[in-house]
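There are two complexes below, and they share chain A, which is joined by chain B in the first and by chain C in the second.
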Partner chain A sequence: MFKIKLEQKERVSKKEELIITLSAIGIALILSGIFIAFNGVNPFVALWKVITSALGSSYGISETLVKAIPLIFTGLAVGIALNSKLWNIGAEGQLFFGATFATAFVIYGPVLPKPLMLTVLVILGAVGGALWAAIPALLKIKFKMNEVISTLLLNYVAINIADYFLFGPWKGKDNFPYTPIFPEEARFDRIGFGRVHTGLFLALVLVVLLYIMLYHTKIGYKLRMTGSSLKAAKYAGININKTMFMVFLMSGALAGLAGVSQICGIEYKLHQHISTGYGYTGIIVAWLARSNPFIIVIFAIFLSIILKGAASLQIAMRLPAAVGIVMQALILFAILGSELFKNYNVKLIRGK
Partner chain B sequence: MPEIIKKLEMRKITKKFPGVLACNNIDIHINSGEIVALLGENGAGKTTLMNVLFGLYQPEHGEIFLNEKKVVINSPRKAFAYGIGMVHQHFMLVPNLTVLENIALGFTSNKIFKLELNKVRTKIDEVSKEYGLSVNPDAYIWQLSVGEQQRVELIKVLCLGANLLILDEPTAALTPQETDELIGLLKIMAKKDRSIIFISHKLNEVKAVSDRVCVLRNGSLVYEGTTPEHSVSTLAEKMAGREISMPTLKEKSHATSPILEIKNVFAKGSMGTMALDGFTLTVNRGEIVGIAGVSGNGQKELADVINGINHIESGQILLNDEDITNKAPQKIINKGMGYIPEDRMHEGTIPSFSVKENIIMKDYNHPPLSKNTFLQNKIIENYSSELINNFDIKCPDNKTSCASLSGGNVQKVILARELSRKPKMLIASYPIRGLDIGAAEYVHEQLLEARSENIGVLLISEELDELLDICDRIAVIYEGKTLDILDRDIDTKSKLGLLMAGIKDEKKVI
Partner chain C sequence: MIDLITILYAAIASGTIILYATIGEIITERSGILNLGVEGIMLMGAFFGFYVAYTTESLLLAIIGAAIIGGLMGLIHAFMTITLQANQVVSGLALTMFGSGASAFFGINMVGKTLKVSFEAIPIPFFSKIPVLGEVIFNHNILVYCAFILPLIVWFIFNRTKWGLALRSSGEEPLSSEIMGIKVIKVRYIATIVGGIFIGISGAYLSVGYSKLWVEGMTAGRGWITIALVIFANWNPLIAYGGAYLFGGLTQLGLNLQKFNIAFPIVLLKSIPYVFTILFLLFISLKGKRSNLPKALGESYFRESRG
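Up next, the complex of A and B:
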């Protein structure tokens, strides 16, 4: 008989950590392969299909990037909160609220010259997301309510608010739940590569800005300190409530931008399906990337490959659409499980 | 029941961690009825060696012999089966279970669905009668004091039939009275042919309790001998590998102008009761005032309210004649308050942050360490390297995380940060608790240095030797009040001991 024995590790090197993470992803892919095999499809063929459909053509690459843009925003949104150990499960709701906020201006406001119009919409989207995130922030600060629950539940409220407008005042002429199509002034330009739009640049600029903020500014230092030890942050004289509130606002604003980039970059209108769970997938992105802004970009692209690839599996191989979600879940599980190997030496020993 | 341990030997034990040789070819042995003290500075390998014996770690080389027979111990359960029990430095008790339930957790039983609580209860009764250890089996762990929890840990290992007990710094959190009780108890156990391995930094305890000492330094056994042939200072020398003399106060303080005035302060503790109940004290410039008292008498709350971390209900606190009552911590820090908190690992520093980031914790907010919104990395680098140098912090570079430093070096990081800010007043809570003697010496030197620079120092401690060594005056705190303030000259240890227990000399009522 063999027995598994755990010994606490003193420390783990960066290289070791990378190897463990990559092996975890590898194991997740193998498990996904088994799942796919059970559905009667050769997993190697399926994997090849995922890769070729997402990266094998310029159309595939452009569509993968299109999905990566909102994931970068939501990944940053969840990631910045995670840096202060706050769980924003509400990026999906903030995305919708931000989008609704910006849409209101398109519908009720004047049509401004394009640069001005887009600036206003971006700001309004951010403000909308921030406002929606301010609710759980206040609940946490004033009443110590756990943000996981409040942000999650507020998602449904935000989506219902959007629905109210879509089925009510903003209903289309043909009675379908979507707004009139946006004027040209309210659309991000395409960059000449499929449907990829300038929202990508906004996302990448924010990645750099957030990195600088986190590691090179006073605010970032405060924010990381609050996340690392509340006791120490208090001791160092940081106003914890103020810092947490600010983090929620920034997180919500970023999620709101995901909404704006969807309505102004891809859909050109507000409807019920502007997000396919980008707010939730953002949680996985941020977690895998350890909340590091640059690594968030990598994992946003990685997960959009899976989303894009799974979509083509559904069409080409008649696999259920859930394959993509199953793969995401397996990757998350494998990474969570791999934490064990980072903290412990795992040994098999002979014994009874 | 495991067989009696007549002799236990660990031969040529070597245990490596990545980059560290924690134990290097160590031979030790213990006979029945013997108390062996395992001495060494932090990181010398004591705990690692004992974790090997208790089956928590597997050594790379080396063997364990029990009564001349080779044994393999690869889990704590195995260790218990051989009659080896360990009481860890941090207790392994479940707070919201009762004493009985906690002890029952350690028993293996054939019945899957039923805890044999009655059997365990009889066993606890037996053990507590045998050693005169009183404990209420139905009390919840969270209701017990630290000393009582320790007693529960001891009863637990005794109930499990341990013949050899490993105690890892058992007195670290005990009051002087509780420590004396424990030492008495250990001697009784030894008389009943149990063997005890005692890990400690506190040399007078080692001297009082042990028959033999083994000294580890940097993972190797450097000395082994009988205790009576040593004094506390020769033991300290063996441990540090150099001569150690704890600094003491030489000349009297002539300071008279007050820097910190605490006037009739009332403050609530975490349980909602009045933890500070009309506390009054003045600290002068260039003076070290000690706060003696059994922990839990308002010390934590006192340190917190002075630093603005908690609010007071009524009363007043003045720093340098300015009112700092209930001001935000940032304001109080800026007015020149320094604070060495009790919890150096999670309050005084952030383990996941680098030494550099920990050093700037209180000064990142203003020039030169930051300009406008931006941290000035170059200046921060230089500043932290300078402090690492000046305070002799042992770390590979300023990017090393504090989690990988020893307790003594973490405390040096805090000292470096607090003292380099040139505070007017410094609060030091249990600054040498758990530190080895070399590091403790350093901390005291720094506090005396601060005193000579005309800084007022408030030293909160439970260790009478520490207070008597370096304090000008010692105030005794009891149930949130200043029970008495003694000048250093006329103090005797016994008087302080009585005062800490709340008993005040009748003749000297103020």
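Up next, the complex of A and C:
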């Protein structure tokens, strides 16, 4: 019988940390390979396919970026809440609610000149997401309800609400659950690189703004203080309930923008598959990036490589679509498990 | 008119799914480990149970298989959070993601398959003849009957045995427990694995015993509802009965609203379970009593910090 002995490290160098993270990703890829081999596909060929399909051509790179855009939004959404130690597992639902909100304007509202129209849709998407996040926020502040459970359960409700419109008043002429195609005025322009659209710039501007807000303003100080210690925050005279509420609203708004960027940037309509779990993948992105907005961009791109690669595996090698979810979970497990090795020297000793 | 007997019968049949999982999660949480991976474990149990039932045509093996896969999932969570001291929330989310992904990955060939074997209702002699009560309670399959007894056994172990004491004190005061000679790490490992076993069985009951088919993501949030019901039950296995069957009943009643010709869209009726769960939690919060919340729930336990 072996026992594990831990010795606290005095200092962890950036290089050491990077090596540990990269080894963890390596282990996750090996485990993914085992899964793929179960389906009778050569894992080395499959993993090579993941990399080449996502990064091996300009088409691949553009499609990877297309998937990174919503992930930056949802990563920021989860990340800003995590900064205050709040878990927003509801980005998926807020994404759908924001998208439904914006779609309502496209369907019932006037067609405005493009810049005005897009501004309205972006604002409505953010407001929709924020409204949906306000429910768990109030439940947490007024009734101390655990936000992990409430945000998650509300995902199902938000998706059912979107379904209500898609199968009801907004269904297509052929009775399929999707809205009519959006007019040109309601579409983000493409930037001339595949399907990559100007939503990317909106995402990147928000990355910079959130970074400045978090680390260089008084509000950001309050947010981070609430996250590091509730006691200290109270002592410093911070209104914790107000701060938490604000954080939830911002978080929901960012997730709502992911919805708008999908319907106005890629799909040009609302349907059931505007998100392939971007709200959930955003949790991984934010956690891996330690909620730092700039690092969120890096991990959003990293995970979009996995998503794009997995989508290609599905088509080229007939692997089930779920292979992408399995790979994400394995990466999360591996990096989560590697945390220990960053802070401690781990030794196996012979125990009794 | 709504048929009350049918609704009550369905309430017990569907409440059983959540009852198994709730008991499992109560066992795990009482030891101080928060397992948010219930949804993923349930899906793995549902898939694997169905797979075994389909290939071996043995119901017993199906349940054993689901129990083993559930126990293994619990073991992963235990290893991550106890040995590697990972954040329990993140590990649970990873487990949910892994379970929903892996069950869909392997289960793709089981979609649309029908089973040749099924759990038949076994009317209990004499008792099943009691008007109303007999029909509602004493005419179910064996898994439902087992679920009648399970919370009683778990309650007895919690409150009347040395094991139960070790389990509860590990969740309350791990440091003092260790001094008193309780092997906290071992207790938590066992509790997380045993919890996983029951959650796995709940999945197999869902796919093999209840809906008799396998569909990707078929738990539809029941794992998360379970986590809420543990809070509702105040970590007490006996209140879990009430929580699970009440929840099953309210959901069935909601679904039966269609028969009243109330102009309420069916897609929104599907939201009833989730809204009810939130209302359950609200009710608990207003009552303000959560006396059994394990004090050390969700916190990593560093044996080294004992010095």
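Heads up, the rule we're going with is that the second predicted complex is superposed on the first by the 343 of 352 C-alpha atoms of A that agree within 3 Å, B and C clash if a C-alpha of one lies under 4 Å from a C-alpha of the other, contacts with A are read in each partner's own complex, and residues count from 1 in each chain.
Throughout what follows, contacts are C-beta pairs under 8 Å (C-beta built on N, C-alpha and C of every residue); 3 or more make two chains touch, one makes a residue touch a chain.
What you are looking at is a predicted structure, and each value in this text was computed from that prediction instead of being measured.
Colleague: In the overlay, answer first, second, both or neither for which of chain B and chain C A:Ala316 touches.
Modeller: Touch status of A:Ala316: no partner.
Colleague: Scan A:Phe35 for contacts with chain B and chain C and give back first, second, both or neither.
Modeller: second
Colleague: Chain A residues in contact: does chain B have more, or chain C?
Modeller: C
Colleague: After superposition on the shared chain, which partner residues are touched by A:Leu336: those of chain B (first), chain C (second), both, or neither?
Modeller: Touch status of A:Leu336: second partner only.
Colleague: Looking at the overlay, does A:Tyr235 come into contact with chain B only (first), chain C only (second), both, or neither?
Modeller: The first partner, chain B, only.
Colleague: After superposition on the shared chain, which partner residues are touched by A:Thr217: those of chain B (first), chain C (second), both, or neither?
Modeller: In the superposition, A:Thr217 touches chain B alone.
Colleague: Can you give me the overlap between the chain B contact set and the chain C contact set on chain A?
Modeller: Common to the two interfaces on chain A: residues 5.
Colleague: Which part of chain A faces chain C closely enough to touch in the complex?
Modeller: Residues of chain A touching chain C: 4-6, 35, 38-39, 87, 89, 139, 143-146, 148-150, 152-154, 156-157, 160-161, 163-164, 167-168, 280, 283, 287, 319-326, 328-330, 332-333, 336-337, 339-340.
Colleague: For the complex, give me every residue of chain C touching chain A.
Modeller: Answer in residue numbers: 36, 76, 80, 83-87, 89-91, 93-95, 97-98, 100-106, 108, 216, 220-221, 224-225, 227-228, 231, 265, 267-268, 270-271, 274-275, 277-278, 281-282, 285-286, 302, 304.
Colleague: Which bits of chain A are touching chain B when the two form their complex?
Modeller: Checking each residue of chain A against chain B gives 3, 5, 7, 9-11, 13, 216-219, 221, 224-225, 228-229, 231-232, 234-239, 347, 349, 351.
Colleague: Help me check something: in the complex, which residues belonging to chain B touch chain A?
Modeller: Residue positions touching the partner: 17-20, 56-58, 74-75, 307, 309, 328-333, 339, 341, 343, 346-353, 357, 360-362, 364-365, 370, 373-375, 377, 403-404.
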